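Heads up, the next two complexes both have chain A, just with different partners, chain B and then chain C.
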Partner chain A sequence: MSVTRLIARDELRLMVRNRVAVIAFALLVLLTLVAVLSSWSHQRGNAELRARHQHEAEHAFDAQPDRHPHRVVHYGHFIFRPLGPLAAFDPGVDAFTGSSMFLEGHRQNTANFGDVRQSSLLVRFGQLTPAFVLQVVAPLLLIFLGYGALARETERGTIRMLMLQGATRGQVVRGKLMALGAVALLTGLPAMIGFVALAGQPGALALPMATIAIGYAAYLALWVVLIVLVSAAVRRSRDALLALVALWTVAVVLLPRVAPDVASAAVPLQNRLQTDVAIARDLRTMGDSHNPDDPHFAAFKRSVLDRYGVTRVEDLPVNYKGLLGLEGERLTTTLFDRYATASYDAQRRQNALVEGIGLLSPTIALRSLSMAAAGTDFAGHRRFLEQAEAYRYALVQRLNRMQAEDVSYADDTAVDAGADRRKRVSATAWQQMPDFIYTAPSGATLAAGAAPGLAIVIGWLALAAVLLALATRRLGARR
Partner chain B sequence: MSHDISNAPNAIHIQDLTLSYDEHRVLDGLTLHVPAGSITALLGGNGAGKSTTLSTLLGFVRAQSGTVLVAGIDPGVAPDAARRRIAYLPENVALYEHLTAIENADYLLALSGDRKDRGVITDALAAAGLQERAWDQRLGGFSKGMRQKVAIAVALLREVPVLLLDEPTSGLDPRATADFNALVRAVRDRGTAVLMVTHDLLSAADVADRIGFLEGGRIVEEVAASGTERFDVRALHARFAVASKRLAA
Partner chain C sequence: MSLVRYELRLLLRQRLTIVALALLGVLTIAALVSGMAEVARQRAAIAAVPAAQAEDIDAVADYVDRTKDAGSAAYYSFHPTWDAPAPLAFAAIGMRDVAPYIQRVRALGLEAQIYDGDTFNPELALPGRFDFAFVLVFLSPLFVIALFHDLVSGEREAGRLRTLEALPHGGRALWRRRTSLRLALLWAVLSIPFVVAAAIEGVSLPVIAIVVLVTAAYLLFWVALAVLIGRLRWSSVANAATLAAAWLVLVLIVPTLGHVAINAAVPVAQGAEIALAQREAVNHAWDVPRENTMRRFYANHPEWSDSAPLGPEFHYKWYLAFHQNGDESVAKRVAAYRAGLEARDAAGRALGWVLPSVGVQGLLTRLADTDLRGRLAYQDRVRDFHARLRAFYYRYLFRDLPFGKADFDRAPVFEDVPGR
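Here is the complex of A and B:
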């Protein structure tokens, strides 16, 4: 057996003979198991609930009776964002942003402008997920098991005893790395088995799964190297423990907590009330499609009459009220899109700032990586919102066109006893409306989103390895 | 009984060694040769340079000038290679408390590539004076003397050309000291060069073939046993006192 393996084996023997270490490790495995099961149960329940509600919403939409198309515009439609398989491992911002939307004409009833979106990268201590266990708890266990790896040997003088037997500094450090690495592997293994079990469902994409696995492996390897580095750099075990707990507190707890607050302060985001007031103000200046005397719509009316070569809307071959609906929706959607884009941009800058702070905290970087690869980050939520808005706009405009083409202007403006029946469109029209189908991103897209976080974690790992190589040179040195 | 070392090669070769920490000169032209199959005791007061001499031989510190060779290897250039040729018994024995006496010996011997069977290890522990009931006990409850016996057993089991001893009898009672000296002589007789750093003139006189008196970082007096006669402790003490006064003057 090589010297490195002998040293690693002895370090593991010490851990096994330390009952506290064994109990702590058993507790972590138990915690991981609970996290996997609760995540699996939660995700499955959520997916079923959303699928059932989606089905019911589609059924309710299709079951509408013969009615005027504009009533259908206001009747609206509920859609739900289906969860990807990896969301069970890391639900990301899903709990904060919600995943259901009510689609209707003239409005974007979404969380687009909501306060909760500012929390897109907040630490989620309330949720027990495999990702949380690996990000937060596993490093702490590694610290408690490994802080004395070299400091204890230095403190007790056994480091020289090792070297006097011919073990080189490099062999000693590699032995300690191997032992703690084995513990990290065992620590991460239950979560990774859970990850494969949770994520290995139909539709799971190999590339993001591999990215997550590599990211978490690099993160745990980073902690192993950091622990051995600190243990090599100090002369007393107690100092190593204090330094490592402080490092964990700052990198895992403090910075991920502070970063979103810094981002919110640096890039303020309007709350819902402010946004609603601003939109209402802009709508007043823009005009009202329901008000035929509005200057904008008066000009629109003239252009329509000119295009068709008639002088009265009654002489148009199409229902002018339908055309008004089309134009009104186009205008309001342009306005809503402008606000949505501004909001997205602010959130993008907030997230960029948080990811910048991730240079100081590998935990933030890993969290970004994990959510991006799982498709549960802000970009994933935005993807859903944009697809939902595109569907809403197409649906409303289709109904407006239906009003323009299938309901005559005369009937639409008639008030006689039978007019209401003549304005109606057959119920089969609603059944022919396409359902909302969320197009999930490709594996390459998800992996590309996770790449910056992965680069930061690997960069940290490389830096820590270089520092450890430098610290190794001074190991056991004494006057 | 005296031991003939006149034709033996030097396993430890120190020539004109100079070493300073900051402004303080610790070794000042130290010259010392320890032939294979001999025991040299190095005596001296605190700060005389005894421990620094051992640290230099072990490659933990590097001299500013002079030559150091351990079994032909410069520990300043190749410390790991030099250490593989040295068995070292420190004054304050550092062993693993989570391991038993046998496990400690097995682990350290395995690291040095000199792995032995359990029977060989227990023989060495017995020879070092450790009681049988302690062999399979973890070192957490061991006294200093018991730990030292484990370390002695490990040092004796290392089949290397050089044995360095740092105050080896400081934790031992007179009976154990006599037993230990017998062990050291047995190691010498198999061809090992032994360098013993000690305050204990009586023990040095009992076991050493040659005694050097270290003061101010160099050997100021060196005495070898001759023929069948051992050292006269009273005469040794007087010679060292004179040498010390001469140096001070």
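Here is the complex of A and C:
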């Protein structure tokens, strides 16, 4: 047996003899299991609930009686954000964004009913998911098991005895790395098995799943190297422990909280009231359909009359009110898109800033990697919002076109007793409206979103390895 | 007295102590500054409301003034409401980063409006805020651990323990001195910056006193735990590892487990179901005789039942009546939803009685009025305001009064909570 493996075996034997270490390890495995199961049941419950709500909403939409198309524009549609299969491993921002959205004409609504506003204060302490266990808890366990790996030998002088017996510094360090690495592997394994089980068949998601697996492996490897590094660099076990716990606190607990505050102070977001007022202001200058003298709508009317070669809207072969609806919705939607894009871009800049701070904290980098690959980050939410908006616009314009073509102008403006009946479009029309179908991103898209985070974690790992190589050279030197 | 001074001099000679206290001070100040900046941002956003609102409502008034139609005024006028931060909000941001603190409502169905959110970046909200509550609940125990894990074991390992125990004023008195000195230092580093910030923010004296006492009590809990573990006569390293593990369990793991358990034990009928049912009730009115709608409305609101009967033309009083009918048809669901949220909140608070981390967080967010109860109280104020809006517009609609430009100024104005 090589010296390295002998040293690793010896270190592992010592850990097994340490009853506290074994209990801590068992607790971590148990915690992982609880996290996998609760995350799985939570996500499955949520997915079922949303599918059921979506089904109810679609049924309600299709079951509408004969109605005026503009009524349906205001009746609107409810859509629910479906959860990707990897959300069970890392739900990311799902609890914060709200899962249901009401789509209607002339308005862009927010996604509502997020868990964060429907839960006790405990929700802000963090969520028990496999991702949380690996990001936050696993490194601390590795610290407890590994802080003394070399510091203990230095403190007691046994490192010199090892070297007297012919072990090189490199062999000692590699042996300790191997032992702690084996523990890290065992620590991560249950979560990874759960991960594969949660995701079901890998299929198209093989690439993001591999990214997540590599990312977490690199992250835990980084902690192993950091722990051995600190253990090699200090003279006393206690100093190693305190330094490592401080490092963990800063990287895992403190920086992830400080970074968002820095980002939100640096890049302000416009709130909804200001956005709504600004949109209304812009709309008044672009074209105000309420104003009979509005130049934009006067020109629009002239162009419509010219196109059909008539002089009065009453003589048009189509319903002018429907055409007005089409034009009005086009205008408002241009503005919605402009303001939404500005807000999304501001949020993306905020997140980029946080990711920049991720250069200092591999946990931030890993978190963004993990959410991006699982499709549960801001970009994933934005994908949903943009598809919802595209669907809303298509639906409203389809209804406006229906008003233009299937409801006559004379009926639409009549107020006699039977007019209400004549304005309505047959109920069969509602069933022919396409349903909202969320197009999930491809595995390659998800993996690409995770690439920057992965690069930072691997960069950290490389840096820590170089530092460890340097520290190894000075190991056991008399100071 | 001089003995304490000597202890202080001794303590401050240790690099670890100096670094720990300085770091805690810096973190406390940074958290207070960050919280105050956030609250200032929110106050500025609220202060900017009237100007934007005036511009918006002027345009509506110009349009409505042509027809003097009260219905159009009710339909197109959005009225702002806001939840000004309580003086202590800077110390515990609570839910203020994810729940809206400015919301505009109009006199239509409220259930379709009240659950709307404001723009916020979910990735920034995910890890939680960096505020005083975070420093106290999450970080201060780690500093207790750093300063207390080797209180006795360090002396034993240095071989001084027996000598110290044998000294006059040694033994128990010595440990009492050292413990209270360290505790007092930590407490001062947390409390002094807090008191300064609270004074600037105009927090009332009793509230400051409670926070300062809670800070002391929370530190005392961790000190007691450290002393208890110190009694086991383990090495300093074992003490530190055990205390850090206790921190992990009490501050991170049990709360997350509690969250899972509470949400499973107290199912909340999804808010989305309220929205779906309300929309169905509201839109159904277009498909039934209008008299049915009015009958039902007048049954619940007889004060308007002497209004003129509907003609064949569209009338906004019918429109607003079925919106109110829609709200009333889901009142039971709304009550159940709210009861569910309150039950979850109560369960979280109950956990706070046995788990100091949760208890302190709950108490701070309660004092700062940034917890769920504060959010629900704001919703109640929005509901009251909305009821006033309805009464205001109904007077014009049901009595067929013209609604001119001047009437826009008579609309109810949302009132701030006194003292904010």
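The rule is short, and it goes like this: the second predicted complex is superposed on the first by the 443 of 479 C-alpha atoms of A that agree within 3 Å, B and C clash if a C-alpha of one lies under 4 Å from a C-alpha of the other, contacts with A are read in each partner's own complex, and residues count from 1 in each chain.
One rule holds for everything that comes next: contacts are C-beta pairs under 8 Å (C-beta built on N, C-alpha and C of every residue); 3 or more make two chains touch, one makes a residue touch a chain.
Keep in mind that what you see is a predicted model, and the values were worked out from it rather than measured.
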item	value
First, second, both or neither for A:157, with chain B first and chain C second	first
Comparing the two partners chain B and chain C, which touches a greater set of residues in chain A	C
Which of chain B and chain C A:168 touches, first, second, both or neither	first
First (chain B), second (chain C), both or neither touched by A:280	second
Contacts of A:17 with chain B and chain C, given as first, second, both or neither	first
Common ground on chain A, meaning residues reached by chain C in one complex and by chain B in the other	none
Chain A residues within the chain B interface of the complex	1, 3, 6-7, 10, 13-14, 17-18, 156-158, 160-168, 476-479
Residue ranges of chain C touching chain A (in the complex, touch as defined)	16, 27, 30, 34, 37-38, 41, 45, 48-49, 52-53, 55-56, 59, 63, 78, 80, 94-95, 98-100, 102, 104, 112, 115-130, 134, 138-139, 142, 145-146, 150, 236-238, 240-242, 244-245, 248, 251-253, 255-260, 262-264, 268, 270-273, 275-276, 279-280, 283, 286-287, 312-314, 341, 344-345, 347-349, 351, 357-358, 361-362, 365, 371-372, 375
For the chain B and chain A complex, residues of the former touching the latter	21, 58, 60-61, 80, 83-84, 86, 88, 90, 92, 94-96, 98-99, 107-113
Residues of chain A defined as touching chain C within the complex	20, 24, 31, 34, 38, 42, 49, 53, 56-57, 60, 64-65, 67-68, 71, 74-76, 78, 80, 92-93, 96-100, 102, 109-128, 132, 136-137, 140, 144, 147-148, 237-238, 241-242, 245, 249, 253-254, 256-261, 263-265, 268-277, 280-281, 284, 290-291, 343, 347, 350-351, 354, 368, 371, 377-378, 381, 415-417
